[in-house]
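In the two complexes below, chain A is the common chain; its partner is chain B in one and chain C in the other.
== the complex of A and B ==
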């Protein structure tokens, strides 16, 4: 899996944040629109695209998009 | 509950287990079912009194349901507890994924009840209690569309059953719990911290305990509720008030 592709898939789950604002170093919990639904959408996207099951704690422990990418990669 | 024989599905854990244990404490004879023989045995060993039976059954498998129905008779009560939790945003809920939830939470309990009625396994005066959820028709929490729709379908079906089974002297009711501290809600999708924050939003400041739903189920099973059918009992720590 590629980081750029993961970032694009991540950005696609956002409703109000411009995709250009999502980068590897984005601290996603600080995004203005971040909510429990965002977290569930990311978990669902990762399951659909990468067949990896993320837990609520995985979402909580990751700070940046790249952190989450690495978590997913470690579970592939 | 003395002298009553009660069938409980999903008796291996959570609300089903609590319902089975408390029915036995009040003198009922239990027939408990679940998919996992080991966990079902654990519930069986927690039951008070003698004469209880334990029948392993996957309610999604037609032959197993037929066997369960064949092996039960003269029931005074049925508690339809077996169900699964499921969290997924609406736009990811494919028909296949929703079908899994509908199968476990709606089709399986409906088909079991249908067969129990058709094969005349329920005595006149019997009481059926299905565990639906506040998440079906009252709370529309994000990510709970498939689960909620399955529980709403179950609640609706039980009301139709209440109407049609009344001439047979069979009562049918549902209980609508809000969040209850059971394995079903601890699946990892939501972290413990998020659960704690959510529990604090309840007027009674905590999630419910399985036995607190079991007590309501026992009321509906008992002759104290002889004139109660087609109702849905809210058990939610006051959450629907806020």
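== the complex of A and C ==
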């Protein structure tokens, strides 16, 4: 899996955040629109795109988008 | 997997009862507003009342169903009550209901402590008992939850409902087989939990101290908390797998079924499940819009409120699938052949 593709998939789940704001180093928990509801969208996206089941702790422990990418990659 | 097959058994009728009081969705968080919450959960309003227990709602549903089926009360061999809000810690609420409903003394009664998967478990258990019983013919399965506010804040997600399902065994009847698949992942036991009040953490002077939960909300020890993301991930992976596994083992194409009654978790979760199974929208009815997540009542409540007109006087093939607290899941595939469905009862 590619980091750039993961970033694009991540950005597509956001309703209000401009996709250009989402980069590998984005601390996604700090995004203005981020909430527990956004986390569900990301879990659903990862399930669909990568067939990987993320747990709540995976979401919490990841700081940046790249962290989450690495978590998903480790579960492939 | 635990896979079961039943012959000569039919679902004879389903009834549901909800409190009359309508509670609209409001935002209780600063993190998102009412509209965002409704868009994700799909819940506009729910039924809520502090007047009734789950058993009260189930009793009303059972009485109406027995009346419309013209089933004599002394003809019931099995009574199962599924709930996580029983009347008492002991005795079993099924015993209390047995007395109130006036069933005969030869009736087998038991409680099952399950939530979202509970209806499938209860119906599967009742069918197993009838199939292995000697001369046992009729079972009533009651399921639902009503968290009286002594314990729980009026939660945004959960509505209250009680339901009754009538099951009949006739060894000579020509019926389509009923298939069921049930399972458990007990490592997730604390994903949805009311931590105190049992023997593990008995009630003490600190039980009602408010502590901050994972979602930032304050709750005391008798209130239920949920690891929302874990439950979400569990639901979207387990429900599609369970349905596919059941279809494979039983040897049918699940796309041939007419309606899919999913536990009404929240719209976002259910839509992911529907999409993964490639099911058209018109095969997947929702009751959560006006009734919320109704725990073990959700599948029969959806049948009563969304399919009553469509099932009257006809035969349809249904799949019911519940998943949640436990963690526990179950899928059942059955024919609803001229089943009796009384109008929704409101107390």
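The rule we apply is simple: the second predicted complex is superposed on the first by the 76 of 76 C-alpha atoms of A that agree within 3 Å, B and C clash if a C-alpha of one lies under 4 Å from a C-alpha of the other, contacts with A are read in each partner's own complex, and residues count from 1 in each chain.
Keep this in mind: contacts are C-beta pairs under 8 Å (C-beta built on N, C-alpha and C of every residue); 3 or more make two chains touch, one makes a residue touch a chain.
Note that the structure is a prediction, hence the values are computed from the model and not measured.
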- Clash or fit, chain B versus chain C on superposed chain A: clash
- After lining up the shared chain so the two structures overlap, which partner does A:14 touch, if you call chain B first and chain C second: first, second, both or neither? neither
- Task: Determine, under the contact definition given at the top, whether A:22 touches first (chain B), second (chain C), both, or neither.
- Result: neither
- Query: Counting only touches as set out at the top, which of chain B and chain C does A:68 meet: first, second, both, neither?
  - Reply: neither
- Item | Overlapping segment of chain C (options 199-207, 307-315 or 325-333) - the one that collides with chain B in the superposed model | 325-333
- Note on the structure: chain A contact set shared between chain B and chain C covers 35-37, 40-41, 43-44, 47-48, 55-56, 59
- Can you list the residues on chain A that touch chain C in the complex? 35-37, 39-41, 43-44, 47-48, 53-56, 59
- Query: Hey, which residues of chain C end up touching chain A in the complex?
  - Reply: 29, 31-32, 36-37, 40, 214-215, 227-230, 232-233, 236-237, 268-269, 272, 275-276
- Query: Which chain B residues qualify as touching chain A in the complex?
  - Reply: 87-89, 91-92, 142-143, 188-191, 193-194
- In their shared complex, chain B is touched by residues of chain A numbered 35-37, 40-41, 43-45, 47-48, 55-57, 59-60
